[in-house]
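As written, the chains take the letters A, B, C and D, and residue 1 is the first residue of each chain.
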């Protein structure tokens, strides 16, 4: 049941951090599962491609790919197939992360692929205007992350609250069914609370959890601020 | 011991074929292991990223990624990290497959990454001249595959023997340590025998095995032609 | 005065057709100028990069680049700088043509560059949904062109009128200031009339003019159908 | 006659510097022509695409594109066609500059295009090994430029003489007909003399000429060091 996506959600992007690779990816996933069980907050995990299967096997949390390609089954060496991701037990995928930007036509085609195989789409955007833009393509979630704040420890909800509120406003206008997350610079539970107060329904976090000394403690702080809200 | 790369070698590229995805990838891997055990011919497997871990766990055969990125551990969402591939138990990677062509500078950087983490590099090329070219970068293996023959059932060793002999000649001149494979259009054991007679030390095959009705039978035919040589 | 963009507009994309390269580009531009003078219909020209200066020098019509890059003045070898295009006398640029698709973030950044140097932005899109999407980024014009019809001689206004009317509707809802053009498959004046009847304010045409035996005759037919509307 | 390429050669890459855009590109070209006439040293110019025609019309010096695409005449919006560059009067093109890196297969295809239209190919590389690599593809010239020195003012012939001598050695071994240039960090005539002493037959320079206060003076210093050699 924990593998089902619920709102609000904290999605942890493992990127290609050595602290979240291979066995360490599984270990981090188990810490997240513990926090999720204790707080009843939904925590999603986005490990590297090769770690999706071991992570999905190890824990009962919703697992996301960090990217999928637009291709269908066939002659595509070195690509990431939606069906293959689905078969691992993963439930969704990030799309258009600032470290993996896509052509507009490919964002559209990737969202279409997620619908075909029943994966949840989480499209990353940099600004309120781009969030409105992407909302027209009807993804399941949009995660607004000003790229210049990613990895800085300066939380978007403090540094650029207007980007977050702007994104929430325009996305909901265009398409009230789209869930809006925010990310970039989150390091403390209070950053999560601030994000939720601005109207988002969750956060996308990476280094703030993965690269901290005590991920359990920090993730617990994040989750408690979700429930406290 | 079977996971060690030995020459001659048959490498099976699973691409993103539905016949070689998820559970079917593991099943195909077990068929290949059976053939390898019966014939003592080295058979390498190149499954999709998400299937590398289950395949490497299921069989004792050398497993290859279909591609890795040039990036190092860090903030790179949606990329394929050499260290992560290595940790799965995989022993090597394809590079620059015709369905995943790379910038020249990135072929060079990818080979460097494989050396850093001790993976075997198998660089794909289209012509004899490009094989000579890539040999200068000192990869472990070069697989020459005229792209126009891939998936056609017309074996390169018959249709373009001069590409194969030319590649063997120029690669060995430039760098006698580089192993030369060939691929494209292989469907029968005799195609493998022909490839070896032209001086190659193995083959790279995809649809000829993956999409056939009886992969065990065809792969056995391939392997027997290796030992018979 | 003819170099000023007026609505309705016919924009002729010269692509890299040999019939519209070098001296032939200038010749075609003069034919277009003649038609524009005779009919008082605004005709824009989008020649290849190297032909922009000679074309802009030869005729008094609004000239467009086929693409610009997002870069600013500096160390960018082999890129297309907005300022350089502006200095030629060109007045605008195509963006995201189906033969030169861009990342979403780069469409946004390219539109921003056109504003900085005062060029008119014409963003190409494939569907009504993508048109709505791009309208959020506030370009000057959107040209909706189903890629599967480009070069076919099957006019979009007949084959897919719902794409055109859909695009007009959603674009104007999102942003009434954006001019909507349509393209793909146009070969006769009546195709232009049909496009205008569906609510567009002009057309983007390529092979229908460039590759025809008598461009003067066909372009005149296009222009007369604009005025007749 | 000055438009003919002679060895040794100084090629000035205008990049997208504002100091070498539009009218300023033509002005800089005339300065280069003056130096070439006074010293009888061959000076090549590589302006932006839109400035190729005005520069080629204004001076009698060999003009190069900064890049061309692999495409042939046809439906390729926003691409750079070899035939179009040729028709401007340009005599060659840079290929694979560190700011415009290409896929290996595309370097090969671009060199093939230059042969088809009789343009001189100047392929940029970063290291001696990559120079050997590219020499196998039989370009007309190779310009070795360690990217980390580009724009630094630290001349490659001083900072990394082994890269230059290594490149000259391996290129000439593989293909004695290929002309080797070097670049990166050149700011003074003595840097050119040093490059020639290491066995190169010319230099590729950008900011060292374009961004200097008195391009005439510095370029004259460059050219005099060529003749003095």
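FYI, a contact is a pair of C-beta atoms (placed from the backbone, for glycine too) under 8 Å apart; a residue touches a chain by one contact, two chains touch by 3 or more.
For clarity, every value in this text was computed on a predicted model and none was experimentally measured.
Identification of common neighbours of chain A and chain B yields an empty set. Least step count on the touch graph, chain B to chain C: 2.
Set against the Cα centre of chain B, the chain with the most distant centre is C. Rounded to whole angstrom units, the spacing between the C-alpha centres of chain B and chain D is 38. Centre-to-centre separation of chain A and chain D, using mean CA positions: 46 Å. Contact of a single residue of chain B with at least two other chains is seen at no position. Chain-to-chain contact here is organised cyclically: the chains close a single ring, every chain touching exactly two others. Looking at which chains touch one another, you get A-B, A-C, B-D, C-D. Listed in rising order, the residues of chain A touching chain C in the complex are 96, 98, 101-108, 126-127, 129-130, 132-134, 136-138, 170, 174. Looking at the complex, you find that chain D touches chain C at residues 13, 15-18, 21-23, 46, 48-54, 65-67, 71, 73-81, 83-85, 87-88, 94, 97-100, 150-151, 206-207.
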